[in-house]
Structures are given as C-alpha cells and as structure tokens.
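Take a look at the structures below.
In the two complexes below, chain A is the common chain; its partner is chain B in one and chain C in the other.
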Partner chain A sequence: MTETVDRRRLLTNAVVGSAALAGATALGSLAPEAAFAAGDQAIEPGAPDPNFAEGRITGISAGMLFVTGSDMALWRIRITGGTSIWKLRPTTFDQVAVGDGLYARGLRLPDGTLAADSVWVNIVNVHAHIAAIGRNLLHLDHKGKRIVGHLVPGTSAARYNNTPAVSDMSMLRVGKHVQVIGAWVPDTNEVEIATVYAAA
Partner chain B sequence: MISWIAPLQPLLLGLVLLWSARLKLLSPHAAAAAGRSALARLVGDERALPTYRLVGVVEAALGLVLLAPPTLPAEALAAAALSLGFTGYLVYARLAAPESSCGCLSATRTPVRWRSFARTGGLLAASLLALPATVGWFDVLRTRPLPAVALLLAEAALLVALSPELDRHWLDPLRQLKVQVTRPLPAGGFDVPLDSTVEQLHRSPVWRETAVLLTSDLREHWDDDGWRILVFTARHFGQEVSAVYAVPRLRYRPAAVRVVLIDEPTGRVVLSLESPPDSPEPDWVRPSPSPAAAAA
Partner chain C sequence: MAALTGTMSWFCCGNSWGPCGTAGHGACGTCNSGSYQHAWPNASAACFNITRPDRCGVSMTRRGCGFRHYTTNRCNGKRIGTTIADCGPQTDLWCGERACCGSVCGTNRIVDLTAAAYSQIASLSSGLQPCSVDTV
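Moving on to the complex of A and B:
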C-alpha cells in the first residue's frame, strides 16, 4: 500500500510538481521515430488480426490468462506491468475472474502467447430502450429481451447529447433510447453501467 | 346474467377486428409491418404483404358482420375460428421466428410474448361467450346502458393491458410519473466522472501530440488536489514507458493538460510536455488605434 502511495507521489510530482515549463517540447523529443520506431506488422487483408483476442477466461495463473475464444480458439494472454485492464473501471489483475469474458489487444509473441497492451473484461455495448426505472436500476428492452442495468454510484456516468459526462442520472426517461457501455455480470442478463448515452 | 353479457361480445369483437384490419388495409406502415411479421417467414417475403392484406380483409368483413344486426351463432363461431387461427399463427411465430414482430394491432415492433397469447385467448373467450346471444347488442345498450358500457370498458381495458404495442400510450407515461414521484436515480453530486476527465484529455493539445505514442488504454488514475492523474503505457523510441497525464479536475481547461513520459524502474523522465499558454485575446480584439490616442 505505501509502495503504491510512494509511486503515485513520485509520478504526481513528475508531472505537476516540476516548475512550469515554457515551451511546447521542453524536454525530450517528439520526433516521428518515437512513435513508429517499433514498426507495424502488416496484416493480410481479410486475415484475422493476430494481435487481438476475445473469449471467456477458463483459467488464471501467475500473469497469464487462459481464454477460450468464441470460435473455440485457445489463447494464452500474458499480462504485464504495462497492460491496462478495464472491468467497469480501470482496475488490476486480481479483479479478473474465471468465467469473465474479455477482449484483448497486444502483440503476438513467437511462443504463441499474446502480450496484452489492453484488456477489456466483460465489456458490452448495448443499444436499448429504457423500459422501466428502479432504485439505481435501468430495465432495458433490447430487441424484445430484458437487460437489467445496475448503476454503480461513483462510477456510472451519463452523457446527454454528447456533452461531457456527468454523474447526474435524473434526466433518463422511460421509453427513450439509450446506448450503454458497461460490464456484463457473467451468465446473467445483468450489466453494471459504466456510461449511458442518452438524449435529454 | 348471460342474457345481456352475450350480445355485447360481438360489439367488442367487431371493434377489435376493425381496428386490427385498419392497420393491415389502411396504414402506410402496413408493408413494413408485414415484412417484420412471421408471415414473411411463413409464406415468403413477396407474398407477405398480400397475405397480410388478405387477413385484413377477412378481419374487416367479419368485424362488419359481427356489428351488423342479425345476431347469429355462426358469426361467433367464425370469430372463435379466427381467434384459434391467430393462436396458431402466434405459436408458429414464437417457435419459427421468435425475433419477428406480432404485426397484430399496430406497426410498432412487438415480439410475440405471453401477453399476445393472453389477448388471443381473451378474444377466443369473448367469441365463445357470444355463442348464446339471441338479441342484438343495440337492444342491450338501450335497455341496460350503464352495466353494458361498464362491461365493455372493462373488457376493452383488459385488451389494452394485454397489448404490448399500446404500452407507450399508457404504461410508459405511468412509469415516468412514478419516476418523477419517487426519484430513484442519483441526481449526482459535484464529483467529476472519470469519463469527463478522459474527454478533456482527448481534447487537449498535449494529447494530440502524444496519443500516437500510447499502446495501452487507461491503466490507473488518482486525484491530487486540482489535478486528476491518468496513467497510460507508451512506447518511446522502442522503450516501454509510462505516460502520466495531469488533467485539471474541477475545471475545463484542456490547454492546461501536461504529460511526462517516465521510465518507471529508473524514475527517469524521457519526455515532458505542456502546451504553450493560451494567448489571452486574439489579435483582432485589440483596438488598432488606441482610444486615448484618438482622443488626443
């Protein structure tokens, strides 16, 4: 815990603690080679992207996720210190559980594992109508099927008419169309809502 | 009792059938409704609309016959047969094309669920109830107006409640009213959601210059006084570093966003960047001859 605090202190000081820098690139270089030094792997048109994986997690061991894709492909996904993990919010490796679904993007290594840059766990994107509203609940009608959306206080945000997100959910209306980005609760028809897009 | 209830049923059935036929024969959305219904699956896409119209003609004809004076048991039997036919159609739709629309009373897309079955069951019951009728509905309305109107209204209300396509006219407003009274959703405090900060970051000059270096999504974030710190992974000259952005937390000032790229194991800063300060006013705001000089 203190390690985390110290590290955060260090990083905070590095970005805001230093004296205000005047120029646009005061330190270091932004030459194009900085971005493209690694070089992109060319992918054949129509071929599956080797650097992308999706599926359900069937096993977890130290730093590694074992995933079965929807096409039954088996994936080994390596999680490193530089991997971002999203599960309703940016989170850590220990929050990932067997049974979760995921999308991962990274770099395919020669040993067949995917070294993940980013992992999105249980993420769903749903266009639906609000059928009813309960206490911190949105009952969504998705093509005639019911989805229960849980609002998570402190995390869920609403964007009305594409303006910046706010935590005020009170402008959601029964019968209106919404788009929901959220985290699916595995093997249920329930999602926890990260962002709901609506017209106000 | 049954002597006055039975003759009222043809009136109800006739009105429902005419309402249903109106959609199939007169509505401009009939073609779309037919295409969405299970008829397209049953008889083929090209024949869906003619079949749909044909069902409408049968409904209209039977509706008019039910409403017209001589009350015959055959009419009630025909209505019962039609209701049975509808039930069969619903079963087919539920099994063969569960995603299709009912296409029953309105062009609104309404998948077949238990309420559609209950409504057809209700129509079948009304048809059977009408069998013993001997007098016309007009006579009953004249002799016992109050109970007759009350019964018809109750039956109509039941049919409306069993019609999913009519929900938006009564159920949605009721639920909205409940929401307005009970206020079940958080109205939100003054805390700024993470999404809002990320969007401010995306609109900053610093992001435009450095986003191409990033390899990961948002990894970590925390608040520090007036700043919210967002950490990504970046690649700089082939080296994996952390991109640490500081975004104003309670203000909207994308130009104030700063970033450092830092090699975390060593703590070495490899790039530090903030946008040049905004010029307070564009040049054309300044008056070219100063007012004081003009006065002198």
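Moving on to the complex of A and C:
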C-alpha cells in the first residue's frame, strides 16, 4: 500500500505542477500491471468506484481528455507522463482521438479531475462464436449480432489454452467459441484484434 | 468455505459504448461497469442451467444477487470485494482452459468482474488471469 500511495502522491504532484514524477519509476514500473491499488478496499463491494471512468471522448486539450460517460456523467481526465495508455497496444497520447471510447483508472483530485494511472482506449472483451474466417478477418457472432474482427499483422495474437501468444491463427475454427480482446473502431461493428483466446 | 480457484475475466454492463452498448444491467438488473460487481455462474437455478460449471468438474455454491465475494488475482495477490450482479461466465464453454503466471495456474472460468473491479487488480488488456474466490 505504501508504494501505491507514494506513487499516487507523485502522480498528483505531477498533475499540480511538481516535477516529482521524474522519480516515480524509482518506486517500480508504471505499466498497468504494476499500477493497481493494493491494501484495504476503500470502496464498498457493489458500489461505484469514483476513481474509475467510462465513456466517450468529446474533447482533447493540453493533456486533458473530456469524456461523456454512458450514464451522461462528465469527466475531465488528466494524462500525465506516468499514465499508461492502451489502444490495441501500449501507445501514446497523440493516438487518442475524439470519438474514442475509454475506461480509465486513476485518482480523483480535489478539483474533480481524474489523474489517470491507466487509460484503455476502445478496449472490448468480446465472447463470441466464429461465424466465418477470411483473410485477416474473423466474423464473430456476438449475442446474435455480427462483429467483424480484423487481424492486425504484427499485433494480433492467439492463445490456445494458455499457450504463449502466437501469431498463428490456423487453429481457429468456424463454430468455436472465442474470447477477443481488441480495440473497437468507433461507430462501427468492427474491432481490431489484440488477442484471441481459444481452446486448442 | 475453501477458496475456489480458477480463472477470471471482465465484462461490461449497464450503459456503455461499442459492442457493450446493448449489454443491459445484467440478470440482477443492477449491473454497471463502473461498480464493484461480478457475474457468478450459479446465481440461480436458471443461471446454472446455462453456465453448467459441473460439466467441468467445478462445484459451485448457489448464491444470489448482492452476495459478496472476494476475488484475488493470483498473479499479483491483489484482492477485490464485489457483489453478484449478473449470471456468468458460461463455464462449460471453457472446460479445462488454463491461465498461468509462471507456475501459478488457474483452470476453468469461475468469475467475471466488472471493468471497474477487474481494473483494480489487473490490467483490462490482460483479459484472463488465474484467480481465487472466497467469501471473506
């Protein structure tokens, strides 16, 4: 817990103008896997988490994302040098666009902004059946609706029952159930595929 | 009750964007991606008849909407308390599936956390992690 608090304090300081973030990595990785809070749970099970945001980006300005939540809540999300950003793959702030959807986790500051530790842009986790397979395409049946999954050379990978992630998609079969982590293409029924989880 | 071990993933529910836009508020009518909640394969008899964890050899106690579980990410030891808000995952679609961190492995899907809950103990981009689920 101490490490997390110290790290968040550094993030907060960075947001309000301190240069303290320069030393943040001395406390450990700033990757998402290392960024999660530990220790006692402050939020009651079942309750909304005030340090978590969801919605679509309506504006971007000077390191700030303006987001309208799907419940119409308005969010101002601060991106700092310590924020990890995922959009199909780990990426940078300049790849984030108006219209993108997101989930973000961070720390709510007194001014109401969320200082983000991690932002996952357009991320989806789809459980579906493979309806058809094309060249660099998976047609997925998801709750009775079709999703077109694009395989991105150099990025998309498959995991067959805990095998290491491989680029070989040849073991995927029509009719089989899969889980897809990917990035939604806004306002379409298409996703770019990061990882396909499938039975061997 | 001894902790139940297996794998965990995440899901969206409530108002949302993209493919999640039609997710609804889950079997309990209360589910929201931003809340500390989870889906449980034996949330009711009707739910169990869909998810069928028994077909994978998993014995799972029936617990209804609002019941509190504590899920631990066995990759990093991080733990989160959540309440049942939906039915799932469909365990029998994934019988025998494993997820490992080094020598620590989980087999069979036993719980899906909301995006808010999962992201508190793992990265959403990780998709699948070994876990244990307890009541205390």
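To be clear about the criterion, the second predicted complex is superposed on the first by the 155 of 200 C-alpha atoms of A that agree within 3 Å, B and C clash if a C-alpha of one lies under 4 Å from a C-alpha of the other, contacts with A are read in each partner's own complex, and residues count from 1 in each chain.
Heads up, the rule we're going with is that a contact is a pair of C-beta atoms (placed from the backbone, for glycine too) under 8 Å apart; a residue touches a chain by one contact, two chains touch by 3 or more.
What you see is a predicted model, and the numbers here were worked out from it, not measured in a lab.
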item: Touching partner for A:S118 - first (chain B), second (chain C), both, neither; value: both
item: Partner chain(s) touched by A:V67 [first = chain B, second = chain C, both, neither]; value: neither
item: Partner chain in contact with A:G154 - chain B first, chain C second, else both or neither; value: first
item: Partner chain(s) touched by A:T195 [first = chain B, second = chain C, both, neither]; value: both
item: Which superposed partner A:D168 touches (first chain B, second chain C, both, neither); value: first
item: Partner chain in contact with A:G134 - chain B first, chain C second, else both or neither; value: first
item: Which of chain B and chain C A:K143 touches, first, second, both or neither; value: both
item: Contacts of A:G82 with chain B and chain C, given as first, second, both or neither; value: first
item: Contacts on chain A seen with chain B and repeated with chain C across the two complexes; value: 33, 35, 37-38, 86, 118, 120, 143, 159, 194-195
item: Chain C-touching residues of chain A, taken from the complex the two chains share; value: 31-33, 35-38, 41, 43-49, 52-56, 69-71, 86, 101, 103, 105, 118, 120, 122-127, 142-143, 145, 147, 159, 161-162, 177, 179, 181, 184, 186, 189, 191, 194-195, 197, 199
item: Residue ranges of chain A in contact with chain B within the complex; value: 7-8, 10-12, 14-16, 18, 20-30, 33-35, 37-38, 81-86, 89-90, 117-118, 120, 132-137, 143-144, 151, 153-155, 157, 159, 164-170, 172-175, 194-195
item: Parts of chain C lying in touch with chain A, wherever the complex brings them together; value: 9-12, 14-22, 30, 32-37, 66, 68, 76-83, 85, 89-90, 93-94, 96-100, 105, 115-117, 119-128
item: Contact footprint of chain A on chain B as seen in their complex; value: 99, 109-111, 113, 168, 172, 175-176, 179, 183-189, 191, 193-196, 199-200, 209-210, 212-213, 215-222, 224, 227, 229, 231-233, 235-238, 240, 242, 244-246, 252, 258-262, 264, 267, 269-276
